[in-house]
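One chain, chain A, appears in both complexes that follow, with chain B as partner in the first and chain C in the second.
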Partner chain A sequence: MTERFAAPTTLSEALGILAADRAARPIAGGTDLVVAARQGRKPLPESIVAIHRIAELDHQGVVDGALVVGGLTSHAWLAGSPDVSAGWTALADAASIVGSPATRSTGTIGGNLMNASPAAETTAPLVVLGGVVTLRAAGAGSRMLPVASLATGPGQTATTPAELLTTVTVPPTAPGSGSAYIRLEYRRAMEIAIVGAAALVTLDGDGRIAAARVALTSVAPTIVRAPEAEAALVGTAANAATFRAAGQAAAAAARPIDDVRASADYRRAMLVVVVARALAAATARARGESIPIPASRWAHGQEV
Partner chain B sequence: MSPAAARAAPWIRGDGQAKATGQARYTADLAFPGLAHARLLLAGRAHARIVRLDTTRARALPGVLAVLTQDDVPKRRYGSFDLVLDRTLFARDRVRFEGEVVAAVAALTPELAAAAIAAIEVEYEDLPPILDVEIALESGSPLVHPEIDSYRHDPNLAPTGNVAGRSTIVKGDATVALAAAPVVIRERYVADMAHPVPIEPHTVTADWAGDRVTIYSSTQVPFAARAKTAEVLEIPEHRIRVVVTHLGGGFGGKCDFHFEGHVAALARAARRPVRLVLSRREEFIAPDKVTHAMVVDLETGLAEDGTILARKARVLLDCGAYASDTPTIGQVAAMMIAGPYRIADVDIEALSVYTNRTPSGSVRAPSGPQACWAVEQHHDVLAARVGLDPVAFRRKNLVHDGDEGPTRQRHEGDGAIDTLERAVERIAADGALGPNEAIGVASGWWFSAPGPSGAFVRIESDGSGRIVTGAQENGTGAVMALPILAAEELGMRPEEFAITYQDTDTGPYDGGSSGSQTTFNNGRAVVEAARDVKRQLLELAAVALEASVADLELRDGHASVVGSPDRRVSIAELATTAHSGALLLARGSGVPPEAPEHDASACVGRLGFESFASPTFFCHAVRIRLDPETGIVRVLKVVAATDVGRVLNRIGALGQLTGGVVMALGNATTEGTVYGADGRQRNASLLDYKLLTTADGPEIEAIFVEHPASNGGPRGSKGVGEPPIVPTAAAVANAIAIAAGVRVRRLPMTPERVWRAVTTGDDGATEVNAPFGPRAAAVEAAVAAAGPDRR
Partner chain C sequence: MPELLQLSVDGLPVSAVVEPGRTLLRVLRDDLGRTGTKEGCDDSECGACMVLIDGRPVNSCSYLALQAAGREITTVEGLAGPDGVLHPLQRAFLEGGGIQCGFCTPGMLISALALLATDPDPSVDAIRDGLAGNLCRCTGYQPIVQAVQRAAAEMRGEAGSAAS
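After this line comes the complex of A and B, so read on.
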């Protein structure tokens, strides 16, 4: 049962509590923590630091071409920002399909990353886009960590209990790039990824793939890059055959599990599909074609 | 406004504003001074002997007001509708499913109640769970109820072994007819368990005053809940009052008697009001009302021209750990497998089989969707074999007016054929199919449920009306629409009526919100009472207008002389007169329509469904798009044509139809309970038990066909609440088979199952997924573990 609760209004105050009280855990939107507690999966922490009133963590902007947002930035903001849609489209794809409208307005990007779920929607896009988080702790200044290195296992991160995620920074993509996030979804709302894939594709002047990054959701203890798929793509013509080959390379390297949501066989087969569809959507965007957000519905042949 | 116009007019239900604004108080919202909090100790394992049960530590905890086990309540077994008296309030010697109640506590706070539950010491000796209905039927299988031969039961049933009930629907000689049939097809279809999932979980508060208890319960059937509470606690029924404030959905899951007895006993022991609210996980595993898992084996003989000659079938219904009302539903399932088709010879057997799973029961149109899904796919397979398209096959075989049913009842009206034609016409109107798109159709029938029901109608001193009824509103609007019927009789407007309802102390008996029966039966009662009030009003008006009663009519809020509308007196004036003399009060009940004439002499296990009273006929036609790479099926449009006899309240009928279709689509594609080999549910949460959301709803076009029933409900109406959920999954299945080129014989037709069928041809019917596990090995292991005495 929670015995201590604080709702500081400044970052330094919050960091002070996290440093002094080793049991303290931050809560932003609470869409993971509270739901898990109510389902009996994980009790609420003994000590809670509610950070939702800290204005320093609630900022959004483009600085020197990079997207720089505070940890309290909501999925709804990311889904609705013209900047994010234009420059970091995969992140908009992901943010717009998180949970329900209520989840999207309450849930935050900082919380989504620090919850370290292998099914988190925003992580794979941030991995392919080269996102970096800033972590701060009282008396220790700040350090930066790539999103790709943040999670170490389900619910586990490479941070200390005293550290708070303050900022997410996403660099600009190279010219000729497009990105997309595709989730395999059984229903259109309140869904969790069976598998998912984010892709960033950069085309050269001839329309061939100059660079590609692929990250996979729900096929490993953390969200992982698929280097085999990326390597298979570079230098190839961007077409359905190469997308499928990349998907097969990703599936061959993935280690999905059997669980109540799907069998490992199905997940592996679906990985081929979502990787290929994410690459198709990202490539179309790289060519300047308009693919609606979220790309999932377009890619699965469903009306938007 | 004419009566017909009134029935079609948009109408604002009386409880609408309170519900939409959040003012409506549901059972868990009610506040009581000194309220204590209940919690149940559930078994948490599928099958075990209780070796030791010790509540000493729990009772000693501060703030714990009561701890109850079976030792604290009367020693008696009970059963749903007294079909099989196979259960007790608490498990004493043995637990038979994971949600079985072992003990209950009441404490000052929910946290203390949880601590008390944790302090109860139970030592179990686990027994191998019986999870597969076919294993349960093997001779030598361990028994879910070793003492079954000592149970009292309905005289039409003979429970034995792991079989709680057996019912057959038999006409002619199907064996002989099949032997002579030129085309015979045998198929197996398997449906998984599903859940009703009301948004409001089961909630009960009991509050004693002297020797009387008021039970606020989220029940769909207050009178049945009262009767069973009286029975199990051995209290006279008249000392129990069951009140439902507002009900947050039921879908059948809140039919029957659930936790009223436990909470009443707790409140008596705690000497305080006590409230129980189930958690969502508890709501999935504990209440004994889930949609039946079923195994359907079908064998049908055809003439070369596609005429159905004969059918044999066996339906295994997994009733779970307790019989509940499943034996009755088995008989319904057998009737559904026969369907509204002309078949000369039928021999259909339904077995209700015990397993160590959450007990099944009367979820919306129980057995209907699964049976229709199986038999309507079978019909498409039969049609293809003789080169007929699915519509032509149905046109040839569906019943017409005057045709004979499976027990020789005479069908009335051409509802079956008319709904087929209308649905097909409308689904085709959207033009050519796109890539991976297909259309599927399915027809079916469902019964109306005549039964006793009562209502009072009175006119207040201000001329407004009041209906006092025992009927239960579960959100469908059926009770809210009763004023439409009264107003039509009395020449008043529906909004001039108030309703007092769902309180067993004030309203006369009603069967509750079940069996699509509220309008059918309580509507009859309200009409009868209103007609009596009308007679009283006209008698008063005859004096006031110096006219003969025979020359008077009620319209526009007045009594007037027919043909001389200026000679009139308002109902309000008549009410004023009445309130200085004889009051305007009436009661109604009416005689329930009798079952149609039929011949069930060859049938066994007769529990009242050997004929279908005033059956509703329907056909759904759907258009789907299959994503063949993922197996995801998107339902684009559903045309739902239903012969409801007579539409009494169009907006209410549309609400039932729309909700039924969406619920059916979830059952068809995304829901389904997954069991582990340990006999525990693996997806008992709203994240992993995937209901469809509003965002997933297809375009739904409703068509109401009206062939009034001569022996039906008010104005020839038939039941409307359950039919819309029955044929949708079947129509989707038939569309999938066309789009995918392969049939899925496992329900739900999840994306993974569809994908597997597309990629490997596996239809899913033999899928290894407890409870339908690898049979031989499991039987062997279970028998070996059970030992020689089969315990």
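After this line comes the complex of A and C, so read on.
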């Protein structure tokens, strides 16, 4: 049962409470923390620090070509931002399919990352786009950590309880790049990925793949890169056969489990399709073709 | 430790003494007697508990009441005018068969209100997306989508033009 509650309006006040009260846990929108408690999966923390009123954590902008957003940035903002759609399209694909309009207006990018779900929607896009988080703790200054290194297991992160995620920074992509995130889903809303994949593809002047990054959702204890798939892509012609081969190579990075949502075998089989579709959408965008956001909807019925 | 919570519900200032773990839905229904907002699944799947907080849709069953301190809450009870005249959305739902058992209706109306505030002329797809967090087991959704189209037309000043 929650004994203590604070809703500070400054970052230093919040960090002070997190440092002084070992039981204190931050809450932003509550779309993971409170829902888990309502479902009986995990009781609410003994002490809650509600950070939703801290203006310092609620900023959005493009600085020196990089996307820089505060931890309180909502999925709705990410989904609606023309900058995100144009420059970091995979992130817009992901943010626009989180939950429902209510989830997207309440849930935050900081919460999505720190909840460290293997099915977190924004993580795989941020991994391929090279996203970095800034963590702050009272008396310890700040440190930066790649999103790829943040989660260490389901619900586990490489942070200390006194640290707060303050900022997410995503560098610009190279010229000739496109990105996409594809989710296999049973329904369009209030859903999490059965299998998901994000792809970033950079084409050279001849239309061949100069560089590629692939990250996988819901097929391992954390969201993982698929280096075998990436290696299989570089230097190849960007076509359906290449994408399919990369999808098959991605299986080397997957350690799926059986659970209520799908069997490990089904996840393994669908991973090939989802990776191929993410690559197809990212490549089309790299060529300047218009693939609607979210790409998951476009992907239904595609040949790849 | 219980704390004093002050907020505005449907334009009226209200207060309650609230345990930190208590949800906004429980405070609305049990402490403030605003039972128009419904508890369905109690974990954010069904949308029956939908309210607006400063105009944004929120599942009140999964939102800590103390986080809403000082905010303006809009529930289904705030839709009709003070004279009891129904909101165009309420009238369209009633007249178009968008209501059967009625349990999802408060949440549907609130989600529709949030949608029309940002998109006064939504496509059918946009309406389905806007209502995607609300489940209805009676209507099959079609009359609800049509009711939102009809109310939107009326609210744009095109009364009677969209009844198809």
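In this section, the second predicted complex is superposed on the first by the 299 of 304 C-alpha atoms of A that agree within 3 Å, B and C clash if a C-alpha of one lies under 4 Å from a C-alpha of the other, contacts with A are read in each partner's own complex, and residues count from 1 in each chain.
Just so we're on the same page, a contact is a pair of C-beta atoms (placed from the backbone, for glycine too) under 8 Å apart; a residue touches a chain by one contact, two chains touch by 3 or more.
If you're wondering where the values come from, they're calculated on a predicted model, not measured in any experiment.
Of the two partner chains placed by superposition, only chain B is touched by A:His300; chain C is not. Legend: residue contacts after superposition of the two complexes on their common chain; A:Ser105 is shown touching chain C, with no touch to chain B. In the superposition on chain A, contact of A:Gln39 is made with both chain B and chain C. More residues of chain A lie in touch with C than with the remaining chain of the pair chain B and chain C.
Applying the stated contact rule after C-alpha superposition, one finds that A:Ala50 touches chain C and leaves chain B untouched. In the superposed model, A:Val273 lies in contact with chain B only, and not with chain C.
When the two structures are aligned on the shared chain, A:Met1 is found in touch with chain B and with chain C.
In the superposed pair of complexes, A:Ser263 makes contact with chain B only, with no contact to chain C. When the two complexes are overlaid on their common chain A, residue A:Tyr186 makes contact with chain B while staying clear of chain C.
Chain A residues in contact with chain B (one complex) as well as with chain C (other complex) are 1, 39, 188-190.
Considering their complex, residues 1-5, 7, 27, 30-31, 34-35, 37-39, 44, 48, 50, 52, 76, 99-103, 105-106, 188-190 of chain A touch chain C.
Note for the complex: chain A touches chain B at residues 1, 39-40, 184, 186-190, 192, 260-263, 266, 269-270, 273, 300-302. By the touch criterion given at the top, residues 111, 279-281, 436, 625, 627, 629-630, 632, 634, 669-670, 674, 682-683, 685-688, 690, 692-696, 750-752, 755-756, 759 of chain B touch chain A in their complex. On chain C, the positions that touch chain A within their shared complex are 1, 3, 19-21, 23, 42-45, 47, 50, 56-59, 61-64, 66-67, 69, 111, 114-115, 129-130, 132-134.
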